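In what comes next, chain A is part of two complexes: it sits with chain B in the first one and with chain C in the second one.
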Partner chain A sequence: MAQIDFPASGLSGASRINHELKYFINSAPAHINLENLDDSNIFKWTVNMNGIQGTMYEGEKFKLQFEFTDNYPQVSPIVKFVSGHVPVHPHIYSNGHICLEILYAGYRPEMTIVYICLCVTQMLNKNKNKVVPRGDSYYSLRRVDRNPKNTSWIYEDEY
Partner chain B sequence: MSDSDYEHDDEDKDNDDDEPDYLSDPDDEFFDQVEPVLKPPPGLMAKEPRGPMGYLDFKFTCIGPDELMSRMHDIVKQVNAIFELPPCTTRILLSHFNWDKERLLERFYDGNQEKLFKDAHIVNPFRQARVPVGNSTILSVDVICDICLMETSHKQLEGLECHHLFCIDCWRNYMRTRIEDSGNALAIPCPHGKCDILVNENIVYRVMQPFPDVIRRFQYLSAQTFVQQHKLMKWCPSPGCTFAVEANSTRGVPVMCNCGYRFCFSCSSPAHEPVSCKYFQLWVKKCEDDSETAHWIHANTKQCPKCKATIEKSGGCNHMVCRNVNCKADFCWVCLGPWEPHGSSWYNCNRYNNSNAKVARDGQAQHRQALERYLFYYNRYVNHMKSLKFEDKLYAQIEVKMRDMQKLGLAWIETQFLKQAVDSLCHCRNTLMYTYVFAFFLTKNNHSILFEDNQRDLEMATETLSEYLERDINSDSISDTKVKVQDKSTYCERRRQVLLDYVYEGYESDIWEFNMM
Partner chain C sequence: MAEANPEPSTADNSTPNTSTTDVKEESNRSPFECNICFDTAHDAVVSKCGHLYCWACIYQWINQKPLNPTCPVCKGAISKDTLTPIYGKSGNQSDPRNEAPPRPQGQREESPQQNTFFGGPFGNELTFQIGIGAFPFGLFTNFGPFNYPGPHGQNRQQQQHPEAEQERTLSKIFIYIAIVFIIWVLY
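== the complex of A and B ==
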């Protein structure tokens, strides 16, 4: 039997990212916008995120970084805050790593970039206590360049 | 003899086969080896016939990789005979209950079925619309697949009973990614972000049909998960072995895989009868950690009575001056009391009963005793272990002897007794090795004395057998040696069985008292 190749060309990460890019520019919620995307590398996005009015993060500005692979959306993107623009939150480490299930074990290909941004926003909105996670200094210092997907996370709250 | 007589005879035979089938089951290799060849002399076998004792009821079979799938399908079929659900649904339900049929049945008829299906992450099969997924009637309209965000014909959409439809290409990519990365093929969720319905085998076979390698990997993972989840199945821990063992209880009884490896069914460690898993683990830990180093320190050194520094005396008189610059205590090595009252009697101490010194001395004596006791059992344990390590060498030697004997005119089959004798020898050594672990934790009582008698008998018989096997064989002694070796190895096997029976009987009737050390 002839080997049928997996459909790659039309369905590669780039194709879906381009679709999402259009969608993002046209209909992303007002509090997020895309920072100057490098046309030669659409596999790395930086999303500017403004704290929502009436929440603990009102008036603050954050930067959320997405890194995609060619397997996207089958494989989840690497999502973290850019250091220096990290919100203070009990589930966000000061190196930018986010403890949120949908970014790791709970990720599904159907989730879009906008959806992930909204989940992160919701996580910020629900917070009532601006503290860093337990063990933050230990983890953040030792895991500066680590891929957050390689950390085994334990999800304490449901967001 | 009439026909009816024959029938009657057959019936009797059948009944006989049913009763002691632990002795006749061809798959039951462990019991095959220990099955007494000769009729045991009266008194050696405590009870005839051996009653329904827990460990004798224990049965196991070895399952090859190909049979595993059919074992899984058998269980699904049995349950489906009652449920009448699609087999793929039943399989996910069974997997949710770790393949415990009874628990699933209980839960299925006892409680809230809606909740059961929700917990098992499947769509309630009684509720779902009976429209086959992927065969929708709207064929003309193009829709957008939520994964690739591209327009696609409705014909190409696929999905689970939750009706989250995606194009077939995205499904293929999704399943390939999940099946290649995942360790559990039965836990792949629907790609929709807010849906936890699990992917069933039907959709895998339907969608992945052009990719046999992915389907093979899916079946491989299903089998892996099946054995891991099933409480009465274990993988053979021997490296590279692909067999699994199924038993009828989770007891810590040794089983033998078709590859020849013997392991404990409960803890998957190498076979360690007669000692139980708990005490076996304790022993391993004890041998690994330095608790015995601590015993040595306590037994051979003393602590300075003032600053508690550890001191080993290598010579000189009893007058000790602590080297610790902050302490410099003067004391007597014998009684550990202050030196002052001793005056100038440097080599003897008459203050033997000073209470402080007595406590210290008693503690030391206890540690010394514990160390001696441990070393007693450890040395014997290690001796048998070392002898076992020469197993390969012994088999090679025996191979040479068997060839020599064939040169002396014996047939190949007539020389096989030597190999069987080495098998017996290894079994006995393995058992003996762990009898010392068992004895180490055992508290002394009347039963333990009987156990030690059994142990001594087996040990002597085993060493004699070992000696026979090392003797040179020439044409004069050959028939004599053969009789001796055969008798001895039969005797060894029998003594081993007596010892084990007694230990297991003791476990059943709870006569063993253990000391955690």
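== the complex of A and C ==
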């Protein structure tokens, strides 16, 4: 199908990201907050995330990174943990890649960044076994800094 | 680095220096925002499941998943044909549809009553038979079309075709009976 140029207003990624920014500031729960955004590049967010009290991750701090493209929200953002701030979880690889369906095949444009953060939080909260995924060292070595969207994921558990 | 601050101060700490952070504006969000771009819906269309989108936004989304498009909000099945456009009182000053593909057409159906008396696929034939037939039988055949709700268009006519055939043979039988009846009355 031929590429159709849509009018810029309201349809570029930047417009939606600005909406997200307002929404994040107003309604993000207390355990997540936004690291200072670079004004010149709003297409890359780093979200600080604190482990929830009463879960296995209590007291730990993580960094979740969002990278948007110009056709966001039609195309999902790249979401991964920043190296060095990665939780130990059976579905999170030590290079920061997250095996979570809503980030890939299950993505819908209606999902907000707050929603995605909450899904990741939920994933951590439900965990009862702090282990790295099977084949983690192999995968993480081969896929350092690669785009997790290029991996074909198999989703095992319901989150 | 992040601290576990209560919510209000979290917002203050993390507020970036962009000019876009108007907190008041956020609380006045319109209920007519597109579920994809979060702006007020432009060339609004609504899905069968009731979710509002800009036509351009949902068009892009449907084209991305041509095999099995789903509603971005509720994952219900959607397609270009089942979207309904919404026309407000004040039209757009500049028409963005010059660049985006046109919105789907609204679907308007005739109400059933309008066609009941005129439109039946076998109406003409019946009036002809009333002219020939004797009164009681004429009345019978005349009642035929009233039992059907009015035709809804081509699909319905095709469906009714075997029935029309039956009706024709039936009215032929009535005509013969009527002729026999008249002959019997005369002699």
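FYI, the second predicted complex is superposed on the first by the 152 of 159 C-alpha atoms of A that agree within 3 Å, B and C clash if a C-alpha of one lies under 4 Å from a C-alpha of the other, contacts with A are read in each partner's own complex, and residues count from 1 in each chain.
Rule of thumb we're sticking to: a residue touches a chain if its C-beta (ideal position, glycine included) is under 8 Å from a C-beta of that chain, and two chains touch if they have at least 3 such contacts.
Note that the coordinates shown come from a computational prediction; the quantities given were computed from them, not determined experimentally.
Asker: After the match on chain A, would you call chain B and chain C a fit or a clash?
Answerer: On the superposed model, which is not a single observed complex, chain B and chain C clash.
Asker: Return first, second, both or neither, reflecting whether A:N50 touches chain B, chain C, both chains, or no partner chain.
Answerer: second
Asker: Could you tell me if A:L21 is touching chain B, chain C, both of them or neither one (first, second, both, neither)?
Answerer: A:L21 contacts chain C only, not chain B.
Asker: If you stack the two complexes on chain A, which partner ends up touching A:K61: first (chain B), second (chain C), both, or neither?
Answerer: second
Asker: Given the touch rule stated above, what does A:I102 touch, chain B (first), chain C (second), both, or neither?
Answerer: Only chain B; A:I102 stays clear of chain C.
Asker: With the two complexes superposed on chain A, say which partner A:N36 touches: chain B (first), chain C (second), both, or neither.
Answerer: After superposition on chain A, A:N36 lies in contact with chain C alone.
Asker: Going by the contact rule set out at the top, does A:Y115 touch chain B (first), chain C (second), both, or neither?
Answerer: first
Asker: For the overlaid complexes, name the partner, chain B or chain C, with more touching residues on chain A.
Answerer: C
Asker: After lining up the shared chain so the two structures overlap, which partner does A:G84 touch, if you call chain B first and chain C second: first, second, both or neither?
Answerer: Once the two structures are laid over each other on A, A:G84 reaches no partner at all.
Asker: Where does chain B run into chain C after the fit on chain A, at 79-87, 97-105, 151-159 or 493-501?
Answerer: The one stretch of chain B in steric conflict with chain C is 151-159.
Asker: Under the contact rule defined above, give the chain A residues that sit at the interface with chain B and also at the interface with chain C.
Answerer: Shared contact residues on chain A: 1, 4, 6-7, 10-11, 15-16, 19-20, 23, 71, 73-75, 108-110.
Asker: If you look only at chain A, which of its residues touch chain B in the complex?
Answerer: For chain A paired with chain B, touching residues are 1, 4, 6-7, 10-11, 15-16, 19-20, 23, 71, 73-75, 102, 108-111, 115.
Asker: Chain A touches which residues of chain B in the complex?
Answerer: Touch residues, chain B against chain A: 146-150, 164, 166, 169-170, 172-174, 176-177, 189-193, 195, 210-212.
Asker: Considering the complex alone, what residue numbers of chain A touch chain C?
Answerer: Within the complex, chain A contacts chain C at residues 1, 4-7, 9-11, 15-16, 18-23, 25-26, 28-31, 33-37, 39, 42, 48-50, 61, 71, 73-75, 108-110.
Asker: Going by the contact rule set out above, which residues of chain C touch chain A in the complex?
Answerer: Residue list for chain C touching chain A: 1-2, 4-7, 10-11, 13-18, 20-23, 25-27, 34-39, 42, 54, 56-57, 60-61, 63-64, 70, 72-73, 75, 96, 99-101.
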